[in-house]
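Each structure below appears as structure tokens.
Presented sequentially are two complexes of subunit A, the first with subunit B as partner and the second with subunit C.
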Partner chain A sequence: MTADPVQPEQLPADGPGPGRPSRRGFLRGGATFLGGAIGGAAATFGGTAAWGATRPSSSSSEAPDQAGRATVAFRGPRQPGVGTTPQAFATLLALDLVDGSDRESLVRLMRIWTDDAERLMAGRPGLADTEPELAAVPARLTVTVGYGPGVFAAADLPGRAPAWLRPLPSFGVDRLADAWSGGDLLLQVCADDPVTVSHAARVLVKQARTFARPRWLQRGFRNSPGTVAPGTTWRNPMGQVDGTGNIDPAAEPHLIWHPDGSAGWLAGGTSAVVRRIAMDLDRWDEVDRAGRENTIGRRLSDGSPLTGRHEHDTPDLEAKGPNGFGVIDAAAHIRRSRTQDPHERFLRRPYGYDDGPGDTGLVFVSYQADIDRQFLPVQRRLDELDLLNEWTTPIGSAIFAVPPGVGPGEYLGQALLEG
Partner chain B sequence: MNRSTISPARTLAATAVLGLTLLPAACTAGSEAAPEDGAAPATDAAALTVEDPWAKAVDDGMTAVFGTLTNTSGHDVRLVSAESAAAGSTELHEFVDEGGSPVMQEAGDGLLVPAETSFTLEPGGPHVMLLGVTDPLEPGEEVTVAVTAEDGSELEITAPVRSFDGANESYGQDGDAQDGSMDSMDHSDQDAGDGSDHGEDM
Partner chain C sequence: MTADPVQPEQLPADGPGPGRPSRRGFLRGGATFLGGAIGGAAATFGGTAAWGATRPSSSSSEAPDQAGRATVAFRGPRQPGVGTTPQAFATLLALDLVDGSDRESLVRLMRIWTDDAERLMAGRPGLADTEPELAAVPARLTVTVGYGPGVFAAADLPGRAPAWLRPLPSFGVDRLADAWSGGDLLLQVCADDPVTVSHAARVLVKQARTFARPRWLQRGFRNSPGTVAPGTTWRNPMGQVDGTGNIDPAAEPHLIWHPDGSAGWLAGGTSAVVRRIAMDLDRWDEVDRAGRENTIGRRLSDGSPLTGRHEHDTPDLEAKGPNGFGVIDAAAHIRRSRTQDPHERFLRRPYGYDDGPGDTGLVFVSYQADIDRQFLPVQRRLDELDLLNEWTTPIGSAIFAVPPGVGPGEYLGQALLEG
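Let's look at the complex of A and B:
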């Protein structure tokens, strides 16, 4: 049985029941670890068009706090927050293990994070939660944990670290700051409400404080639920429709996850690349519309390729304009990021950031089974040539192995730490 | 019709099982819920479930175990004592008003969990007090306490240990009855939790 790559999600039942977790599940189909927790699959949605788009909302009969009450399943063969349709808000946190960390302390931390993540994602307070009321709005909260190289060193399991788990090589476009790079542990906390994200991140960091110290924190945003029509691809802070050419996790799970049944602790796991990419919006302002569209190779109005009419039309990279040049520029971002090699693709799950005037950009997050095989060749091509480089600058970079999901009775990373 | 909704009782029982085991074999059936046909649970302990137990991490000295006890039976259950291998001594504590400020002390009559009622052990409220802890209770570990009911039956609570800055309540005068190591906790105001008091107070 092929497990569904996308974490089962639950929308609340119709009647608003204060604080009452609803069990009317909206499954994306497929296998689930939820067991008895799901009452019925009332609807199925998903597919290429839906992923990366604001989640569909249904009829007028929905509860006014519907978005707040929706939950994502924590337990399953894969961690949530990867195949999960991106929520509106994200906090990505890297932490460094304290000196003296070892496998035993990592196991304790993972037990704590497992417990906290499971409770919080269900809309329940963590143990010893000092603000339990803030946990009452799950808003599709997901907590995703990643391991930097430091985890394997601390656990004395250097041989278990995947070959691709090392800092990316430096690129010509990079202007990396230490303050935005590296980290032993990653926490990706996403939800459709920023209060939820803030509380969950605080609980997780607070309970980790004897184990690890925060290294960097990046907050990101996309569209809020209910603000754009269902199926709308989000726009990044440069105004571009961003995500059209993304892969569909349900259709090509092998590009993201190590096969569930495969050998080794990474079965059901993946890798995360987190790059903080600054956008020079002031200089982007100087570019006219045609120049902006040429930079990407897509129209600003609807994200359609310059060679097509609709957003999801396949770009025609061969098409020539009246003067013999490619309609899609030789250095356009979509030409340079596309490859013929079907393996050189990955899941992009970026968020916008805006930390004040002159400090805007993308928290670029990608998930792939193998960073070296899938991500690096594309990043190299973009480093060599990409019109977008004129306005975008990577200022942070970190990579993590993302352990598989947590089955019943298990804790995060158990296959690595005990295997 | 309401098949899709899990009743609070079932949720509670399911959660409780994670943190709870009962010592006497006779209690096993009672650990999840009250017997269906109204028959009284075999023992007091069997009438109780524990939800979300946890303990405050501490290097040494004093700490406490918290959680929600639910009496699923139709009769009151009185807890009279507690025991833990992790502590020199273990007591059932409650808060009393002493000159306008709340202080904790050993609960003279034990802790009463009324019939069909939930009873919360929490910072600032009743708790199971661990005194004379010598081996650190580290976050992510578990600590086990056995709470004895009036009829002698025991409820074993396995509590995950968590970092916690609160629960620095002061120890009442009655605390003097404890051994000498407790004196440092015998402060009467609430500005505990900083300086030398850190980690030693409940």
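Let's look at the complex of A and C:
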């Protein structure tokens, strides 16, 4: 899996790989190349595999600074934006195909998005980009495309849709709004600069205009680049350390990707679940710290499990307190989301949203090879019992098949649309 | 003005002042203190005036990185967030006082906001902060408070309101929505991290809950920290270099602040104009580059005036082209916004907004000592004739008196409320 765009969770996307120097290492070690020798440093990146490597883009009138210059490769066996260490900003857009769409129109749209995504991710303007200067700061831009059930219907390829590609079953906790659910196509646009995300999303939506119309748009954020130490686990809007137990895409790629050699067009692809989860922060405010920690099973201060001392200590679900009850509550979120089944795990890639007082929550995004086998059992358990449900409400839900990455000369989804 | 929190536009807020070393200078010069000697570097800042200086905050469990650690001083003769070099993210909130508000309730609210703003800007939790860990990354957080006409009515001090504190006159270009206009109180919350802005805004709104209710909220962004080179002028969502001709708060403080020695409670204060300006990007797309450059009077590539070669060249409004017409159009934005009157200038501090396809524009914010003398004449000229009006529409408008900064032992607005 060395030619894979996935990156270990603990490293920045431009972090060290075989034979590649660590830019962070340079910074922390106090190297002097920040003074201007960026081009020279870039050359050392260029000597290694292009797939998924992060490289400074070509120079531009915008004079992007270090964090703005970093790029993620568009072409490779996997789509970018899945194993990529989460950028600071995400826009997730669902689009619906216009009436009369067919395989030919889908191919045309995929060719356009392929071209524009590749250009934009390299820090170059899209084709016919009306604001080309706004493309000059790639800031680790990634564009990830997914297919809802409608794509297979429009392409007249119903038999090629994976079995798990259907709306999630209704859960008791759900209060789904149509305005935040479903969609024929997914565009996930992520970068470390919100100007970049805004521009790229606009270019891609504009170019799709004759083929598809926006259905919903969700904007999420994490910490800005350079504001928290590398490797710090993100805190969600409830203040919880969120993502400690996440899988490492480099260590367990089989949990995310359909193997390259597997049969069918989805080899090298994955699936995306996007759920909008509202957080009732005003009622959460009424819960004291002990209650909050009991709800999750982790300490607020550093995310350590209530049975451990450090964030990454394995929770001891058997440990009993002096009263004989579990130290980690029977309904605690980490107990209910865990399982002995090593397949009931998936890559979480959530962002926070804050659209004003009372309108805050999580743009929950997960990637997994198989929604039915990996995501659903966990979601069923949490729906059945999870203390956190008292303060969180899913208000949107959508699922997508994510086609494999795009090799040289190929376009997005080619294995499906021409297979 | 050495003890003033204003900063030259070209420098980061933590940039060099008299006797203060430049952190950027360290970075560019390849100094090694990034490896861990932050505390030592902080000490060199501490030796100079505390007013408005940017200093690393105390350590925390969040381990904020360099850009996250920077703070702006809350106390000083001027409120922060005006002369402060614009941070990457802004939330502007208007609140309306609850019925029955009086001077006493205003004093209580101002004491609360004073305390919480000071804490949060230092990277410490607000009082009774329910998510204290989210306060650990100050990232140059600033909180700026303004008073609408309703404050003077509630405080029974109608005679103390400045003459210019009234809704702007209706302009022909306006299509104002009540939902984006007016308000008794302004909270401008800015930082280089969106998590910080979100948390701080929530704390301040929550603590105000018994006194005031949110009326509108506008979220804006610029480039993330470290993504564009320091000193790069921001591009707005239309792709224009925006802010080249802005005033330098350090060089022309009299354009912003009521002089310290002047009579009345507003000495050391200013005024804020907040307008939400929608941009019709889809129709702007139909304009070619020559047309776009003619609209503004500047080149898209680098912001240089059509009569000059570099961004900061002074536009030559007299220059004629071969056909006898002005090189800069008679209705070009830079011609119409300029004047021979040196007082018809103000500090612009705008942000972009992007709330989805078709909902993009500018959170326009300006600061000036006198709205009537400085802002209105310019706005009247632009309303009368400005090519840009074809694609921009003001949809919200609000004005506020911004009380002076808060000295040791004082609270926000004390000179008004106890004067």
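The rule is short, and it goes like this: the second predicted complex is superposed on the first by the 357 of 419 C-alpha atoms of A that agree within 3 Å, B and C clash if a C-alpha of one lies under 4 Å from a C-alpha of the other, contacts with A are read in each partner's own complex, and residues count from 1 in each chain.
Definition applied: a contact is a pair of C-beta atoms (placed from the backbone, for glycine too) under 8 Å apart; a residue touches a chain by one contact, two chains touch by 3 or more.
If you're wondering where the values come from, they're calculated on a predicted model, not measured in any experiment.
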Output check: A:S397 vs subunit B and subunit C. Expected answer is one of first, second, both, neither. What do you get? neither
Does the superposition put A:T130 against subunit B (first), subunit C (second), both, or neither? both
Is A:N389 touching anything from subunit B or subunit C once the two structures are fitted on A? First, second, both or neither. neither
Quick one: is A:T307 in contact with subunit B, with subunit C, with both, or with neither? Answer first, second, both or neither. neither
Contacts for A:G352 in the overlay, against subunit B (first) and subunit C (second): which applies, first, second, both or neither? second
Does subunit A have more residues touched by subunit B or by subunit C? C
Is A:D115 touching anything from subunit B or subunit C once the two structures are fitted on A? First, second, both or neither. first
Which partner does A:L281 reach: the first (subunit B), the second (subunit C), both, or neither? second
Contacts for A:T210 in the overlay, against subunit B (first) and subunit C (second): which applies, first, second, both or neither? first
Output check: A:V107 vs subunit B and subunit C. Expected answer is one of first, second, both, neither. What do you get? first
For subunit A, which residues belong to both interfaces, subunit B and subunit C? 130, 206
What residues on subunit B touch subunit A, complex-wise? 3-6, 11, 52, 54, 56-57, 138-141, 160, 162-166
Which of the residues in subunit A end up touching subunit B in this complex? 13, 20-25, 36-37, 39-40, 105, 107-109, 111-112, 115, 127-128, 130, 206-207, 209-211
Complex interface listing, subunit C residues touching subunit A: 27-35, 61-68, 88-89, 130-134, 137, 139, 192-196, 198, 202, 205-206, 214, 217, 219, 221-230, 232, 235, 237-239, 281, 284-285, 300-302, 352, 354, 356-357, 360
